[in-house]
Amino acid sequence: MTSSEMKGAGQPRVGLFATCLVDLFRPSVGFASVKLLQDAGCEVHVPVAQTCCGQPTYNTGDRADTREIAEQVIEAFEGFDFIVAPSGSCTAMLKKHYPGLFAGDPAWEGRVQRFSDKCFELISFLTDVMMVRDTGAELQAKVTYHDSCSGLRELGIREQPRKLLANVEGLELQEMQDSDVCCGFGGTFCVKYSDISNAIVTKKVGNVGASGAHLLLAGEVGCLMNMAGKLKRQGSDMEVRHVAEVLAGMTDQPPIAGGSK
Amino acid sequence: MELAAKHFKTAAAKALVDAQLQKALGNVEKGFIGKRQMAADALPEFEALRDNARDIKNHTLAHLDLYLEEYERKVTAAGGHVHWAETAEDARRIVLDICKKAGARTVTKGKSMITEEIALNDHLAANGIEPVETDLGEYIIQLRGEHPSHIIAPAVHLNKEQVEGDFRRVHTHLPEGRDLSEPVTLLSEAREVLRKRYFAADVGITGANFLIAETGSSVIVTNEGNGDLTQTLGKVHVVVASIEKMVPTLEDTAQILRVLARSATGQDMSVYTTFSTGPKRPEDPDGPDEYHVVLLDNGRSSMLGTEYQDMLRCIRCGACMNHCPVYHAVGGHAYGSVYPGPMGAVLTPSLNGIEETGQLPNASTFCGRCEAVCPMRIPLPKMMRHWREREFERNLTPATARYGIRAWAFVAKRPKLYRMAVSLGMPILSKLGGSSRRLKSLPFAGGWTRHRDLPAPEGKTFLQAWAEQQAGKQGAAR
Amino acid sequence: MSSRDNVMRKIKAAIKVKGDDAERRGAVAERLQQAPVGIVPQRGQLPDAERLELFCAMAAQVGATTARVDDYRDVAAEVSAYLRARNLPAEVRLGADERLQDAGWDTQKHLEIRHGASDGGDLAGVSHAMAGIAETGTLALFSGPDNPTTINFLPEHHIVVLKASDIEGDLESVWALLRQHKGKGEMPRALNLVTGPSRSGDIEQTIILGAHGPRALHVIVVA
């Protein structure tokens, strides 16, 4: 069955903004997102004109380029009922920061606001808009969950992933200390201030390790790559995945940075 | 104070390997975060009070000229003197003049960031007047010749053993057998030494947490009582305060007080909240003979009406740095500015220019915890981003970052080019990862791979794999 | 041009003040006149007896001790008992507050009373509070000959007498009381809000009582 065959009359049309990190490094999160959205009853589209949400340029102070990128994203996605991304920071960029880029421009103000109002982070979209309570996934695992900063503080995502994880058969959630504290990724921060980033992620993975879990989840590939990279450098056998992979029951792909050794 | 914000990276690198400092910094997380949360949770109206506190300051700033006029009128009516200082230099000169007129040889000081900002101690000392810091933390760092590393806990970068060493070095009257191994004995020693200094001082200098237009009062909020002894026992009380400390009424002060101590130390109220209005009155048995307020601008008026105006709501509680992962990692001195942490990263460029201080607003992960706890709801990350924009506009962004980001933007703005580039690049990167699926080092990614492995890409990009899957399905359906 | 003029000119330019500015002046005059009360926490909004209980509980939470007496005549005995229990000399510093003149000092023959401002040599001082604030266990004290400010800060032990009926729920109610005493917009030279004994956490964030002010705060509530 193809996605077009699943299409029903009342199905919301969702444009999946995969995010550049998912696109480039972790396609399995994209497929997990598609599955979760389709299972929730959405008609999912993946516009090919997507690249980046503009965070790197925005946070470097390059407002002009950011605005051009934003225009392109809006043009590619504004036709959908919803725009969904498996990332808190990219969603916050689309939802919270795009309107400011067009402030004072009457040609765009209304348009960008209509667009931003339709943007949602994947997990909160499932629980808050599609009213999903149980994704039907099973996983025998002790997991711990890192609250990525943008999702938590800009979008208020805290309980949503925990509610869905609670209904994953066999899964046990072991909260780490300071789950709401930054992992030190911060986009370009982690390379610009590599040593400070390292101190922060070292503390973070210490808490991850002490949680007693053997699988670390979060809703943000950047944070996951940072934490996985540090854990592997330390020789840890902690597995690291995007929460969507677990909720979609798609854990056949090796974990992030996880290989034969 | 010599500003060394441009050396942030070097100072941070040193801080990260300073074992003493790292041990002490643990106290920031331990000492503040949980207490603030408990105090906030115990007051159902806390969030509404934050909104109101923000609104009060916004209203005040929009009418700042008028409230300052009224405040000045009330201070004068109470027998006090108001002095206006445009710059730090003006303020230093005014304070020195007052001290000289009073024939002062020593002055005691309550804890005040504003006198750090204007580097008052050095100026007084250079003119033959000895400044004595009386807040315990400030006293300790004065003995060490250091600057505060935190705006409300100036000596938070130190451990008790270091303080003991300083006391033994400077308090030469101490018998060797005196136990100074614990905070309690150290405090007793400081209390004893400083008690004499209050009585000997000619002038007492404090800052102010608020200036109240309705009554012409200056307010200090403290826990030790040193500020009160400083301003009560000297013959002259000098308040140094910046213009944005203004609030309209006593009621407005009460609102902001409710969020101040809770955000700072997790107390409902600090121990001493003192409202001072003018000098000693005819019937008074104690209090200063003269009361002076030095109203300092030093760049504040230039922030009004700009994207940095919200920063003028800051009440200096320190919650932003208490919750900042970067501050936790490197401490306050690494910032090389009077004001460290997130509030300093916004304020310092306003006061000293972005040219020399650009590191500060860049050294943030934008985790947003500072904004989440700021009692005045100051959008700190947003304002740090504004500073990055100012840097970028003026070509101050480091060249590598600038070219890197412009190259990324060039490709990101051209989806076809982007697709082509990534469909070529990612498989190579994936292959490099080999069976371990990660890279231990990579040219141009040293910032990443110095400390962590780089997870290798899966191979095809998601959009590639998706297109192939869709094509396959369509083929099968046909 | 004076510094004052320069600063004011910059502020007005930044705020974009124009014309006669009547609207802004009106808003400021109104706010100063009406002093609108903001959000007052429910915590202190209690009937008399419960408000007193809350005050004592909050004071205890910040490290103060409390005692209750039925009459001003019993205050001196409580002061003596406090000093005795802590092995302190039978001496106190005291201002000229009328309410404390007839506090039963004659019943405590051994107790030495020193009048006036503290010179730093007193181990214990007695003040009368202008009000208490139940919400936070805070005392409000006026400066002046009745209760010299130095007594609040110099003695190691600060004993504060507080009339139960002066315990308000919140700081806003104290402002109302203050305006009754002094008139709108008027203040004593110093108004001290005191919440517990002096403390410092400046060494390793370990909280220690008795930094520069009193090590102990004892509140005697007179019914």
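First chain written, first letter: the chains are A, B and C, and each begins at residue 1.
One rule holds for everything that comes next: a residue touches a chain if its C-beta (ideal position, glycine included) is under 8 Å from a C-beta of that chain, and two chains touch if they have at least 3 such contacts.
Quick caveat, the model's predicted, so the values are computed rather than measured.
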{"item": "Contacts common to subunit A and subunit B (chain labels)", "value": "none"}
{"item": "Most centrally placed chain, judged by C-alpha centres", "value": "B"}
{"item": "Subunit A and subunit B, separation of their C-alpha mean positions in angstrom", "value": "32"}
{"item": "Separation of mean Cα positions, subunit C and subunit A [Å, integer]", "value": "53"}
{"item": "Approximate Å spacing (C-alpha centroids) for the pair subunit B, subunit C", "value": "29"}
{"item": "Shared-contact residues (touching 2 or more other chains) in subunit B", "value": "none"}
{"item": "Residues on subunit C engaged by subunit B in the complex (per definition of touch)", "value": "2-4, 6-8, 10-12, 14-17, 24-25, 27-28, 31-32, 35-39, 41-43, 58, 62, 95, 116-118, 120, 135-136, 138, 143-145, 148-150, 152-154, 170-172, 175, 178, 185-206, 208, 210-214"}
{"item": "Subunit B residues touching subunit C - in the complex, by the definition given at the top", "value": "24, 27-28, 30-32, 43-45, 48-49, 52, 56, 59, 61-70, 74, 78, 83-86, 90, 134-137, 140, 153-156, 158-160, 163, 183-184, 186-187, 191, 194-195, 199, 213-217, 223-226, 228-229, 232-233, 243, 248-252, 254-255, 257-258, 265, 267-281, 283-287, 295, 297, 301-302, 304-306"}
{"item": "Complex contact set, residues of subunit B against subunit A", "value": "9, 12-13, 16, 325-326, 328-330, 362-369, 371-372, 385, 387-393, 397, 401-402, 405-406, 408-409, 411-413, 415, 418-419, 422, 426, 433-438, 440, 445-448, 450-458, 460-463, 465-467, 470, 473-474, 477"}
{"item": "For the subunit A and subunit B complex, residues of the former touching the latter", "value": "2-3, 5, 18, 20, 22-31, 34, 46, 48-52, 54, 56-63, 65-66, 68-69, 72, 149-150, 153-154, 180-182, 184-201, 203, 225-226, 228-230, 232-233, 253-254, 256-261"}
